[in-house]
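Just below sit the structures, each encoded as structure tokens.
In what follows, subunit A forms one complex with subunit B and a second complex with subunit C.
Right, the complex of A and B next:
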């Protein structure tokens, strides 16, 4: 008997034919047309193989053995959902909370507080009530990115956050994506849209969580627009189960004087890929990307950043740290592009990786593409083990080897999160990292 | 900045006139245009090669036919038409090989004089043995006797195929397999000449070995093949330098260089590349697609690549080190200067296989005019390579706002004891530095030359004395006063 190879894009075409009638917005003309175009474009392009430079280090063969049909709406929250929700919870954060279960907005678990000038709604709801309004978030033509096409073709839900000019939200917005047992062998695809109006500001905390031993594919695409003088901070926690495929793409555009900050922490998933792609298209824009990935026991973490400096006088800064223990693998690919006229650009990038075991692997590909002359760009990348001298020093002071190691790794990871002003979030990052170090992730 | 404009003018002035652009008028013997098995047989017959080498070439040709030209490099050029190239051209007098310099075609000697490499002078004064390759056939070899006494073999690769078949069979294609990549396969099929060096056990080569390559005759692809073997406990320093006449059509150069380093041996390989880069509108110029690789097979062996790349319209070159022997060392020092419409995609690969291996990469890229300069490098540590160490530094300098400088490093570690560091910076000449020099009374041109020389110093210092002079001259021509 030959095994069916689901890597084939035919599989997704068949899936699409089977589920298209049940997908949200099936009666919205522009959306069905877009879905149709997207799936055929995807079928044409296929999944990116290892020969595609951007996917050089990711082995998408893990998608071979499963067909990943679209998840069904899971209305009942059970004990497990509550438990996961509790795990993702951050103490002392009281803003609006949006919860998705298996890729669908859950009204029961969410708590959206109304606020003047803030519109926060699920994509499915928006398609029901005002589909014309949702249209502007999407391009009418299919993308050159095959996975984004796949996402648009199958997306079941997502959130749309639109903040009016001058509105400063004091409380962060929490978004939790939960995958349950029923998402096994299925795919959750969400498409989100965030717009921060001029001079407005907010913070978003986004968590992805699921149980172990569930082979689901959680696939999120977010489009973010930060208008003039606006500020957005995104804090992501990727706490998926050990068998989950996690993909999260965040495409950002910043206007003049805008400020965007993105924090992430990846601990779960069989294959996790975090893509952050900011385009600085207004002068004096500032983008900071910070992240850590902790991998062991078959975790494979990919972090892909693509910073595009399109106009002069912008600053960007990236700090990524990787810790790889037995069976962990990572790839950091960070590309910085400085366009022809983007003079006076400052762009920095740093990626450091710690290998804790013989059976661990770290890959790093920092890349600079520079077409302007009056710029300061730098990148640094290192791979190494723990400093033996520092370890010896601590041991000579009476610390156990394991405690000394944990202390050093914790300090290594903490560097990423030290600038966070939101106390509870910072504490959550550090406690998740600590739990991972203790082997209880 | 006012100096920028001056600079640009200076660059134009300097690069408008290619000093070495002249054509020597010597009759050539050519193979018919295009590539086929017959042409390969013709080349092989011309070189009086043994049967096994012809078979090897034909095998490579068959593999090449199935390969596709790579396009992953950040280069934009018109792909060569491989049926529109002459694969063999030799000076007519080659059939009747001269016994001494007096017998050499006086026209040839005059060419070398124009290049400033008078044979007699070198023979007498510098003590460097020169194996000059004029297009495809070695026409004069000096100091053969001195080297022979030490047991060093220094000859053309076609001679080596005839005289030392055992060594050739053992090592040819052992570092760069015949089908390694598109251009290496092409070279394996049609290589016309090149240098073969064998340094026996325990011998420190008494002089620096040097080959000057020259491309003449329009439309002749130049397919050099170099094979250097340093046996246990030996040392050799090899210099390679080149200049080419001005031509309108692109000339293709696809060389292969293989280095084999055995226990405790060391090879130092230095290159100054100054082929015709095309005119200031990007017309003409050499395509330089080179595969250079060294295998450090023995314990504590060492390879050091130093390159100064100033010429060629398109450069595609990654001198690499396979650090197989425990404790072996690989070094890569590079200065790449691109101006006008030149494009360079160059860098190195360090593959750490053995324990305690270490590598250093220092790359300096300078980009001016409308040029694009890419550093592309790989540092790879395999699971069994304990305690490996790598340090990489890539600095880029941009001159003018229409050029580009890019850095694409790959770092892959599969062993926790590896210590790998990579850092890269990109900037222009700082106003403060320039101002400081100016207020000390230097003019803009001298200041810029001073700063750029300082920028490249780490690499220039690695060049052997004889070469440093030429390299500095070249830097002078391509950069002095051309940066701001």
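Right, the complex of A and C next:
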């Protein structure tokens, strides 16, 4: 029996029985117990169907048609991984680099630089060396989120970043998640934990990349804590192949005077789901979410945000843009909660979508739950086409139709990334978007 | 240079141009005047190839080529420029990038190499100075937030950069202050030459004091109903369209 509107997926329970002995940390008691509880809870709940409000635009039936067993460790880096690493590369970024191949940390491809007050380690390594320390990152009781339970039950690795108070990292940390051909019909599940100590700051660039024609399911859950007066910027690039399922959930908690910024760009996959869920739990917290999703030929992009204002005087601002060409589909669901005590909240949200073809679909669903009375909240959602007058204006100046469209769409997407101060990252976003526009995503 | 014969144009199924004839030779400046709604902008769009302007009859020939076969951007490549009555805003696309893309696209059409970045910047600075335009405006998005007069001046810098051999200027003079009118008129006059032609669409004689036309035509109800020299414009300004036999209410 599953929850109402959820569907059964027995295969994962079976998978678990078959693979539990090979999962990392199988000798760590608390973890084994947690995995056990998580898979039972998942089996009880099931997978969310299209009648579940949060999943109404994504068809998760695909998760039942393939078994998606857990990936095996793929030790050898080869030409393929080198090429993918190269594609994900961002020029002139020289900080620590953490590389995962098929869901496992690759010591060979990574380069972790030691830095005073910064601890950066793979979850698997931590489970080996100090399992007690890893325990505090996990709830002992299973979750109310069925997919998160599935993630915990099968997780193979992840990264744990802990930055001490007052430490300001000058160089961004890069995290690259590669899925190779060996991950076909398999699932890559990682669980990450990030804590930025009081008054500390850092930037994380996270890329997800893989080849076309690989039916893998890359599933990441990250928990983030940004302490008092700390600052964290996350820049995500989702560049996976055309058959991949991508799920990435980022749950964030910000303290007093903390600043959290999250950027994303989705260009790959048959189904991508980006979830960002910040809880503002200290006064004067500030959260900015920015993202774009570009889809065509069977790409379906879902962005789901849940902004929770729990205390007074915080600001949040969301800007998301979608570009959908023939055969592309998207959904933006933006929930904003302003709790009863969260007076003087400013919460803005905007989602604009551009349809380049009749056979393209964009859905937009803002949802505001406001229980405080002295707040400023705004939201706007549009779905439109390219301005024909502007198109003719540009053509009359000599530009070919395709070039004129590309200039306009590029400008539409570029607005999302205009405030980025890290030049190479901004340039990477624009160049990925440009490549997509030229049809070579 | 441009030969228009018996041109009939439908917009949304409604006939707007109803058999228009116009011949513009090299080196000539023609002016078209006429009541609101007569079809002046429609003519400009039809010459430049705007979609939705359906040519049901007649021909447009440019330097011996059948122009109606060409897309709007190809017509630009052939050397035609349209100064818009209402210039369009393009959010997020800077004037500089737009002009560079346009110029290179025209060069490509002509089988020429792209312009070098340094040369381009030099050129655009020189043209901005000629039109007394603040170079900062060039960094802004095309026409976004520009005042009416600034938009018209922006059309002029585009014309100067693209260096057309035939320009249609649709009410480029309206909305300009007195000084700007002079600057724009000087800009138009710089475009004159033995092998270049200009078609000026205007409501006011004032521009024609600066840009003296070789021919003036009156367009009414989709046709050229009267042609003459610059004195025709003076007469119209003084006595109105009724003096040349046009009933305003019928236009």
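Note that in this section the second predicted complex is superposed on the first by the 433 of 441 C-alpha atoms of A that agree within 3 Å, B and C clash if a C-alpha of one lies under 4 Å from a C-alpha of the other, contacts with A are read in each partner's own complex, and residues count from 1 in each chain.
The rule we apply is simple: a residue touches a chain if its C-beta (ideal position, glycine included) is under 8 Å from a C-beta of that chain, and two chains touch if they have at least 3 such contacts.
Keep in mind that this is a model prediction, so the values were computed, not measured.
With both structures placed on the common chain, the touch criterion links A:53 to subunit B but leaves subunit C unconnected. Contacts of A:395 after superposition on the shared chain: subunit C is touched, whereas subunit B is not. In the superposition on chain A, A:28 contacts neither subunit B nor subunit C. Judged by the touch definition given at the top, the superposed model places A:356 against subunit B, while subunit C stays out of reach. With both complexes superposed, B is the one of subunit B and subunit C in contact with more subunit A residues. Shared-chain residue A:377: touches subunit B; no touch with subunit C.
When the shared chain is aligned, subunit B comes close enough to touch A:366, but subunit C does not.
Of the two partner chains placed by superposition, only subunit B is touched by A:385; subunit C is not. Looking at the shared chain after the overlay, A:344 reaches neither subunit B nor subunit C.
Subunit A makes touch with subunit B in their complex at residues 53, 340-341, 343, 353, 355-358, 360-385. Put simply, subunit B touches subunit A in their complex at residues 72, 74, 381, 383, 396, 398-428.
Those residues of subunit A lying in contact with subunit C across their complex are 387-390, 392-401, 403-404, 407-408, 410-412, 414-415. Subunit C contributes residues 48-51, 71-73, 75-77, 81-82, 84, 87-93, 97-99, 101-103, 105-106, 109, 141, 158, 162 to its touches with subunit A in the complex.
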